[in-house]
């Protein structure tokens, strides 16, 4: 990705390699802070609000715990495994604990330390996303251990392959801000975990009332806010590409929200707030791989499609196959991420100042680009699935099983595991 | 406004027209993100917290829905109607769907796309503000349709007149960040709607207990945070004028909060949290048209006066005339916005590096400036009022009436309309 | 501090003194906004969530009230007393009400007005932190008056001594972003107040159930987000030092959270969400004085140690001495702040581009630096303690006692004092 | 001495309360409950899962009165809680043996 | 006419409810309560202070039935609320003198 | 067998509970209710509208005891719930016909 960044910067900003640009630095720092906000505030409230009140605090703790563990794993070894020199699949160990990197080093026009922090936020949110599929039934310590190992064994190699100089990067995959690396990866890991750990007791029979869709909507709003750092920050500078990514990140989710509301109105004659915010998040996920590549028309199609596919995933697919993807990490993040990652081949503007090296830029062939996109989503999916199974069993082994007891599940994880309640009136 | 921007930038920053400045771009992107945060997070929680719990989720949905619909309308046609070449009243259609605008285009020293997004956030929050007057009794679909049309028919022309090259702009109105365009406009639309749709059942007789003033205060804090983007972002660059607007946006609301607390203490012998945050919001509204024009003394007077007039509007005026301005969109946004828009004529520093072209700059006459300010608030008010009535009847017609049934109102809109609850314990 | 800033900037950015740099300006404005967010949103929710539900709204009001009063006091006279020319202990009066400072003035490479706002946010949060020790029993008006006077009598002189050209600054104390000035100061003021005002009725006997640890965790997340402005903003520019401070502010709290969870697991066989977020906040406090001085190893040790000492303070020390430090302002802010302020002497990287003038930079002696650090924490503590007692009695005198009546305390301050409830279902 | 338990629709509480107080029946204890009866609950949606809410929010009044007040109390409730639609609720009356006012220790008739 | 009060574990509510409705006992009022009995509460932590939660969440059902339904109702509750562990709760039965349906004014047997 | 219903001030709950348990009266069910009586509610403000909160938060204890325990129970409540100020609440006693322990099926005296 570093190469890409440089080439992008060369075009879109006025910075010279090797010199710190204060505007870019300011933008990358605030972007990184925004991405932090997405996890312990945005995702935590979004997820907790959709959980039954007896498990809402545990859900928050799963997300927050995944974040601190995931970010620590990133600094300790994840960054090195993802971004230091290595082979086609994985990076090396030379930057373990950021060894050999100085605070004065630059990544393009801003400090490497900021790049490391920015990427660490991506790693941490990815594993946190996966927690959405398995809330209400997993041991907390198993989850924390899982998160730590998963960052090193699953996330870091994938980040290396797609962004860190690995073979998918060299094939020319277009993934602006992490449709594959973050959303498909996290969403699929969620599904795998949900299948491995089994359904919640009473699933499909009892009404699982969300603690507070209003809280979830606050979470969604914070996610949206943070996503500007996520997507426009992925331009790695305060430049015109960032501006494009910014605008599509505002427009696509708005369209996606409207789409979901219309679908609900058609199917159920009723518009819900949960529907509106599900649409927003689906739109955000869908635009992620495409944010800096498409124009308003592309953003419109991405917004529309992301909502439709996620709606279908949540309403139909999940019912059909009967897995308990509790908060729809798979249904929303994987499916909309997949859609966005594939659609970008057809929707990317043919503008060589925007396009990354790859088939579309080289030959103008959208089909060839689609082939590369397809390859990368397939490879990422296979690797994620296998890796997640492996890490699950390791974490499970260490902690004597991954699932809480039936009593604990019935009492609710908040009180049974943490001895706390989401609200005491 | 583009002309103004350029002249401001020429003085206060070191950018050359036609060149992207990374610092300005970073500031405008984060400002835009901050203004986004104000609506689905800040305003939504501020409003929902003040609503009875049976309607709190619906309130959130009204705000969030207005936002996604409003922003979409902005991209589709609103921007073009406001900012593309047109006549004295309204812009043209040439930039429909951002047609003809490239991601490389600059607006001064930062991407035009960011300018479009920034302005779109203003449009969306304006209609969302209006929702505060009519919560608890409006059909959701009517509201969404209203929001869409209103952006095109009411907001865009007003934005064009005051900021987009229309006749009020050419007269030299001082409106730094939207006292007239946003707050008076939204607040008055709210009042008009409240009168058209009628009072809530039981209004004035039953105690309407706010679901959670604490939540409202979180919303107010998020609003304040976002308002730095709103006001200091309206300097259109990271320059000294932004710095001035920033500081006044911190100081005036602090003074306004203290003022409201003192008023409460005098009148009721009791200080409430709702009072404190009402003061904060009143101060924020009041300083909006003046943020980049006044010094600390001006900010103090604006803070004091905004609170006094809004307190009077909420406590006395509303009772006197008996309209049901549920969350005081009119009482706070219109009145404090009006006060700020008029007071700026007397409080603006006589410093030609700050002042926009107009009577005060040209002749030094505060009275002449006051005349222009008065003219613009009157014209905006008249246009808003007429336009809002019109759009209300159109939306109402399309959806077979604007008001929910009595049963739905009594049950509460959360469950009756959305089938959801704000909190399930 | 102004001297320090200039020397730092000279090294780490490319700005020329006397010229506004847009990137630095953008960064300082957003940093200031972030620090604002920390108080009425972050700290308010963090504190309110840990309070019993009958006092949660009052807690929010204490924090928000302290903020508006504190910031106003800062503009009125605090800034002048802290940063205008004065003697070794306190500044002068020449900048009362910002008299003599123009919006065009620069502080290094960004507007002085932004510097004033940034510092004002620090002042306001400091007094708000202290409120955590005494919630549930103090008269609201007494608190507001206390906050106003305390900013002028206690905070401003300390800020002058350490940052504003006073004698501790000249000795070469290393305090990157306010370990002494903010956290020890606020935390100790809290303890003093808690002792003076006495324990809550039923303390130690009745279970004081936190209203919502989930809300507290949202508050902690907002605090973390804002803290990037607090710490990386204290580099006073978008430069490489800011990048370093940014990364340590992400890493140390993550480690601290894990540490607290492990301690809980060892001691109680149970991990709580409150523990995780207590760790995050302890880590944030601990890294504050050291953020721009240490590398990853230093951040690790600070994270570990901050959690251990705060855990000890909260679990053991408080029980041992029996004071009612309700929300552990002392246990977390003072102790972790103290630890960080002392540890920095041993952990600061020996890199003269980072170090401020002082023994370590001059002679390389960590022990000599430790001596200076020790001296400054002792002097700050003594001054805070004496000043706080004084201001407490003044405020108490004005309002006829500082403590609410027993009935009010039992009923809960939300309803008894404010006539409001944190939640109406 | 009787205990009157009335399960009514929540939004009728204010009217009933005011009517009772006007007739000097001022001792009332109110309980928020959920009720199941003939009235059908509405459906709720949750991410595509539709379910019927079969417990509806109701308010239960408990009023302890001396025997001579029973009829009046019942009448007032009947008048003010009725909407005529299913779900209006019910009143149950049962016998109470003793009443004691905690503040004074008074017992029986005077304590109610 | 009797009033049956059953205090049960919250997570058993759904089963009990469904079983009752299947047997045409459809008039049910539900109350969220806290109970103290032989069952030990769990401990909670709060910043180092450990305390025992001695009131546990319970659900109280109130079912008014005509005499002939008492046995069936009790039986259904017994069957469906039992886990066999301490804290399962209790059923109490008492006499009720009168029932009135607010909507129609019906009294007695028909009103229940 | 009797049912004792005591409506008390919420902040007295802990004292009453502890005193009851010490005297081996351990079966208690607690209900959060709102009460109206002679005690005046405080006023609340809402954006300039002032209104009196006329329902005050109260706690209702329900204790089922065998006849021999009635006096002791009442006494303990009287002692521990009293503040001497208006609003202390009341105790009501009524007859209960049967008690059944769900876990074991025990009935009558032993089940209470």
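The letters A, B, C, D, E and F name the chains in turn, as written, and every chain counts its residues from 1.
What we mean here is this: a contact is a pair of C-beta atoms (placed from the backbone, for glycine too) under 8 Å apart; a residue touches a chain by one contact, two chains touch by 3 or more.
Note that the structure is predicted; figures quoted are calculated from it, not measured.
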{"item": "For chain A and chain D, chains touching each", "value": "B, E"}
{"item": "Number of steps on the shortest touching-chain route linking chain C and chain E", "value": "1"}
{"item": "Interface numbering overlap (same over half, different under half) for chain B and chain C", "value": "different"}
{"item": "Winner on C-beta contact pairs when B-D is weighed against B-F", "value": "B-F"}
{"item": "Which listed pair, C-F, B-D or C-E, duplicates the contacts of A-D in over half of its pairs", "value": "C-E"}
{"item": "Centroid distance [mean C-alpha coordinates] between chain E and chain A, Å", "value": "46"}
{"item": "Interchain centroid distance [CA atoms averaged], chain A/chain B, Å", "value": "33"}
{"item": "Centroid spacing, where centroids are CA-atom means, of chain C and chain D in whole angstrom", "value": "52"}
{"item": "For chain D, residues contacting two or more additional chains", "value": "31, 44-45, 94-95"}
{"item": "Multi-chain contact sites of chain B, meaning residues that touch two or more partners", "value": "21-24, 26-27, 30, 209-210, 238, 270, 272, 274, 419-420, 423, 425"}
{"item": "All chain pairs that touch each other", "value": "A-B, A-C, A-D, A-E, B-C, B-D, B-F, C-E, C-F, D-E, D-F, E-F"}
{"item": "Chain C - residues contacting chain A, complex", "value": "12-15, 21-24, 26-27, 30, 34, 52-53, 209-214, 217-218, 220-222, 224-225, 228-229, 232, 237-244, 246-247, 250-251, 253-255, 257-258, 261, 265, 270-274, 276-277, 279-280, 295-297, 353-354, 423, 425"}
{"item": "In the complex with chain D, residue positions of chain F that touch it", "value": "2, 6-8, 31, 33-38, 54-55, 58, 60, 74, 77-78, 81-95"}
{"item": "Chain A contact footprint on chain B (complex, rising order)", "value": "19-27, 29-30, 32-33, 36-37, 39-41, 44-45, 48, 56-57, 60-61, 64-65, 67-69, 71-72, 75, 97-98, 103-104, 106, 110-114, 116-117, 120-121, 140-141, 144, 238, 417-425"}
{"item": "Of chain E, residues touching chain A in the complex", "value": "11, 14, 42-45"}
{"item": "Touching residues (chain side chain E, partner chain D) in the complex", "value": "3, 17, 21, 26-31, 62, 64, 94-103, 105, 111-112"}
